[in-house]
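Listed after this line are the structures, all set down as structure tokens.
The same subunit A turns up in both complexes below, where it pairs with subunit B and then with subunit C.
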Partner chain A sequence: MKRTVYLILTLLFVLGFGSTSAQTAALIPPQLAGIFEAPGFITSAGQTSDAAIVKVLVNTRLKLNFGYDIAAKPQAVSGAKTLVLVLGASNKGLGAAGLSIEQETERVKVVLALAKSEHMRIIAMHTGGTARRGESSNAIIALCVPYADVAIVVEGGNNDGFFTDLCAKEKVPLVMVPSIAEAGNVLKGLMAK
Partner chain B sequence: MMKTKMHGERESTGNQHRWLGGFSKILLAIGLLFFVLSPSVFAADTIKPEVTARNGMVASAQPLASAAGLEILMAGGNAVDAAVASAFALGVVEPNATGLGGEGMMVIYLADKKVTTSIDYRSMAPLADMSKVKFPPDGHVSVAVPGTVAGLCLALEKYGTMSLAQVMAPAIRYARNGFIVSDTLASTIKDRFDPISKNDALLAILAPEGLPLEAGQIIRNPDLATTLEKIAAGGPDVFYKGEIADAIAEDMAKNGGYITKADLAAYTAIEREPVRGTYRGYEIISAPPPVGGLSVIEMLNILENFDLASEQPLSPRNVHLMAEAMKRGFADNSAFIGDPAYTKVPVAGLLDKEYARQRAKEIDPAKMTPAVKAGTPPEHPSTTHLSVVDKNGNMVALTQTISSFWGACVAVPGTGIILNNEMQNWSSKGPNSYAPGKRMRTTIAPTIIAQDGRPFVTMGTPGAGRIISTMVILAVNLLDYHMGVQEAIESPRFYARDTEKNLSIEARVPKETQDWLKSIGYSIKEYPDFDLFFGGAQAIVVDLETGIMHGGADPRRDGAVFGF
Partner chain C sequence: MNYNKRGLAVALAVAALFVLCIAQAFGQQGSQKGEQPAIGPSIVLLEVRPGPGVARIFLLSDLDSGLAGTAFDTPVFEFADEAGQADGVLHPEGANHTEGELLQPALFVCAGTHENEIAGILAAYWLIEKSRVHGAKLFVMPRANAAGATWSLQNPQSPRILQAVPGISRTFRYGARLSNLAYETVSDPPLFSPPAAPAGFPALAGQEMRNLNREYPGSIDSSMTARLAFAITSLLKKENISIAIDLHEASAGSNLGYSIVTRPESLDEAALAVLDLEETAGKSFRLEESKPEFAGYSHWEWGKLGIHAFLVETFNPAQPSDDPAVDQFNNAKSPLAERVYAHLWAVQALIANAGVSLGISVNIEGLPASVLEVEDWLKAPLFEAAP
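After this line comes the complex of A and B, so read on.
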């Protein structure tokens, strides 16, 4: 009897684990799976603290060892092969960094220009939900997404279809995920083994 | 109730007519006239219900903390017992804003003796010379010597009736069993996750599986439960001289911090005489320097020179007058208020009615003052809030803080204690400049209001620089506009300061008012309808005729009122 229970539990665990992986794999556009290379670098576009969460996700959980600076200057980013831009304007974040939204937009433009000149692949991530939407956030999202090879968006941030429309217009593959943790799994699936 | 009109007030109509030139301005004037003269445009409907009770009431920033206080009241404790229980509980369930690593100030009314007193448990600078140190916004260097444990224990010992173990029991339970993360708490974790993620001990509490805790998840802090149990058993010496002091000092030494065991051993809470003033015949009793009660009274003194009640609460003129009073009060706050042990604070001068009258005369009713300077008060020969009322009429107004949300973003390993970042609050010069062992100025202002010697309001709010302005708005809402307590708390807020070019407002301030304010020189910075930026007030108002307690809590945070 005990053995049967263990067997059922093991089976459930394996099936559960397998189905999660399969779900993640299904989210990733096939042409993008495994094409993003290390070294990677994470910065914000808009000084959202979500960038710090993505850093912990990528480096602590997924052990990808990406560089990180929430307000990175181009020289810090230079040399990376994959740039992760975490999207969202935050008044608190801008205040802490001593930046106006105009200065931050300029910083992001310079980083994007460098990424383009060095042929980096760009992953745009939006994990902050509706709190990281609004006039300033939308403007900085609209600035970054056209440069991206893929956009990973946690569902709440696309309730109004903003990302769906923008990505369709800019022909950028959009991956919608239910949670930040799942966004990490997708990101891992995008990286070359 | 005393009502006064200023000389310049009669002239305001004439001044307004002068700037009304074009057709659009005439339309604006008609709109304003309609707005000012119409019957109340403010429905008394509130988001949260006003709570009433007869035997005891607790209003705090978190439902479990209010429940902790209520549990103590129902077990026979007095208002001080309940306030201390709620304060310890707040340190567990609102750890982003307060806790053992923080500080505070409380004002107490003792009904049997008919006296008020206050306990200053503000944090203090370490005794080492840090005059060459640039104080960062987070990390070990930003931490000042915490005062919470000393202050709460002193209040309980002198004015409570129960043991530490009894009043700390709810806090210990919450820390051990955990509680559900609210949207507010989750957003504060995300907002400061960058510095939080640099401290392993704090990360283990707030992101036990690597990612920040989300709303709806359970947060537990068993190390904090153990720390609280040690304090409950051994008293404040465990924290300031015993094994917790060892843990704090060891963590500081390892990480470049300045606090030593000697600093902790040297800390004492100080009982001080509250500051007192009057506003339209009511007595205002508030927290003394180095905190902001004096400035609340000064601003009310200035406003007493205007008949605010003759217009709607958010009429253009009233918002303008209040903004101008705030700017003058803040300018004087910066110029004169500091630790009274290190600087001579002109308390009586700043509370002087004639001085306030002079400050009021500076206000042009039809024009914003672009630059407000500190005044010259006359010389005199002296120099996360919770409110509790018990069935005997004892009252406590208590405000605590760890400065920024999550303080220094440092947890002391093995203790669950999150440390403050108060050292960022020094000014570069003036009465609040740094000195070893000194207490820095902040704006907290727990306040009690009395009528004919009978206290009937206990109120306060967190909110950094907005504390003083929000307290003034609350007092005016209650005393001039006679709002119910919940309505007074939920009413739209605004904030003006001498050092800031913007008038910050919640979007619910009427458009007509905003347009007029812009037309007389204000830059408006609009915040959402209900914004945490303006604090999270809690208040209890007692009907002096019936004895019924009315409690209000702020929907801008997770405030809750419980009574029985």
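After this line comes the complex of A and C, so read on.
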């Protein structure tokens, strides 16, 4: 029994989960663990302030030192190897950035095109629950998810199965997590050590 | 001062204030043919029993005598730093200090800006009755706009009364969002623009002149609501407040329920608090960044003074109509105890994370360990509630 436990722990460590809890490790698709490289960059898709939460989660708590600009232009993103898109349309956020939803959609399209041209890996994150699942949010989610290598979604945002269906259709691995903190742990587990 | 001496001093202060306020209340009732309920500081002093953390109680009229004897006067509860003289914080330039001056950290928790947003008021009462503070002084103002606690949308002459267990548990006033027009000194204008509003800001409905949360930083030569805002701003300056939190509630339609709103410079602190609250309160708060259109709001204007200022919202199922048919205590979607619990832990999370930015470590002792603990407190009679 002890030997079995030891073997499992060793296996997890070899797979790159040395600093990731077993619970988190179980959520991460094995083929994706540890393959996302630094430098990383975080921006929003839809100007949701959830991006600011992801920023402090990734940089202040997890010390991953990603670049951040909620309304990043392509030149700011250029050079990154991992792009984190925090999904969700916010009228207040759009207003603060002086953008219409059409302008924001155009910005996101340009950033996605650059990311693909530079062979970045893309992590789509949705942490805002049902509040970030209105019509505008759904449109921007549907725009981004097909480009993503993985989608990390806090459970409340997928109550209607929207992400489940979209990710299945686009063949994008979907990781459902119970909390924003756990979304961060999953993201950390995806990153190369 | 040791706890016994402090307790005696607080008890004497409360007794003196109580006598003063009840006399005032009866005077007011007498002048209005005995039909009006109590007004001013007595509203709070009848509803809460200060606990061992409270070192001093004073009235807002101590900062502006123009509020004395009016429905707008309200008590402030000062908590001493239990850890002794805390390390100072470098405060930006302000009215009572110079840039770079080292000051003892002081914090401010405000509730009852809107007197129908009851969970914040009760969270403030919990702090007053059960908490101690280590690492800073704390000022708690549970009913910022006491004039809003003298009426309700259902009755312009009287607030509603909430009681968890009829005839047994403590009672609380459920007032209105705006100051009572009966106690204002000027009539509502046709349209109202917050004094601090930027050029081109669209005017609001005239009754918003009586919305305390559009009147900051306030003025002594306008309405009484503006004067109230001015006195609160004066308090923040006088006491060199570093962190200020205004507790509110929102309706389902406003999309603000369970959110923290703050200025851009405090956004990271609020974001970290949101993460903390997932764990401590089991609640997913949303984050909103405020902008110049928030002119006149407490947190926006306080932030201009260099204060780390936050607006906290929970979800009140009775709003916006203050529907009396909604059972605040047993509402399935958003019971009152859950909202009070969330407010209290939001206060702790915001103070902790803003404190990191300021280089101070503040701990509030005596927060509830569970929603059930708050529920039991709400169901208890008033005298049993005091420690």
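One rule holds in what follows: the second predicted complex is superposed on the first by the 173 of 193 C-alpha atoms of A that agree within 3 Å, B and C clash if a C-alpha of one lies under 4 Å from a C-alpha of the other, contacts with A are read in each partner's own complex, and residues count from 1 in each chain.
Everything below uses one rule, namely that a contact is a pair of C-beta atoms (placed from the backbone, for glycine too) under 8 Å apart; a residue touches a chain by one contact, two chains touch by 3 or more.
All of these numbers come straight from a predicted model, not from anything done at the bench.
*Asks:* Is the arrangement of subunit B and subunit C around the shared subunit A a clash or a fit after superposition?
*Replies:* After superposition on subunit A, subunit B vs subunit C: clash.
*Asks:* A:Ala96 contacts which: subunit B (first), subunit C (second), both, neither?
*Replies:* A:Ala96: touches subunit B and subunit C.
*Asks:* Considering only the touch criterion stated at the top, classify A:Leu57 as touching first (subunit B), second (subunit C), both, or neither.
*Replies:* After superposing on A, A:Leu57 lies in contact with both subunit B and subunit C.
*Asks:* Determine, under the contact definition given at the top, whether A:Gly156 touches first (subunit B), second (subunit C), both, or neither.
*Replies:* Touch status of A:Gly156: second partner only.
*Asks:* Quick one: is A:Ile35 in contact with subunit B, with subunit C, with both, or with neither? Answer first, second, both or neither.
*Replies:* Neither partner.
*Asks:* Look at A:Ala168 in the shared chain and tell me whether it touches subunit B only, subunit C only, both, or neither; answer first, second, both or neither.
*Replies:* Once the two structures are laid over each other on A, A:Ala168 reaches no partner at all.
*Asks:* Would you sort A:Ala113 into first (subunit B), second (subunit C), both or neither based on which partner it touches?
*Replies:* It touches nothing on subunit B or subunit C.
*Asks:* Is A:Ala131 touching the first partner subunit B, the second partner subunit C, both, or neither of them?
*Replies:* A:Ala131 sits against subunit B and subunit C alike.
*Asks:* Taking 5-13, 23-31, 239-247 or 311-319 from subunit B, which overlaps subunit C after aligning chain A?
*Replies:* The overlap with subunit C comes from subunit B residues 239-247.
*Asks:* Could you pull out which residues of subunit A sit against subunit B in one structure and against subunit C in the other?
*Replies:* Residues common to the subunit A contacts of subunit C and of subunit B are 49-50, 52-53, 55-57, 60-61, 92-93, 96, 128, 131, 180-181, listed in rising order.
*Asks:* Under the touch definition given earlier, write down the residues of subunit B that touch subunit A in their complex.
*Replies:* 137, 187, 190-194, 196-197, 203, 207, 210-212
*Asks:* Applying the document's contact rule, which stretches of subunit A touch subunit B when the two form their complex?
*Replies:* The contact residues of subunit A facing subunit B are 49-53, 55-57, 60-61, 70, 90, 92-93, 96, 128, 131, 180-181.
*Asks:* Using the touch definition from the top, list the residues of subunit A that touch subunit C in their complex.
*Replies:* Residues in contact with subunit C: 49-50, 52-53, 55-57, 60-61, 92-93, 95-96, 128-129, 131, 154, 156, 179-181.
*Asks:* Give every residue of subunit C touching subunit A within the complex, in rising order.
*Replies:* Counting only subunit C, the residues touching subunit A are 255, 267-268, 271-272, 274-275, 278-279, 284, 286-289, 291, 293.
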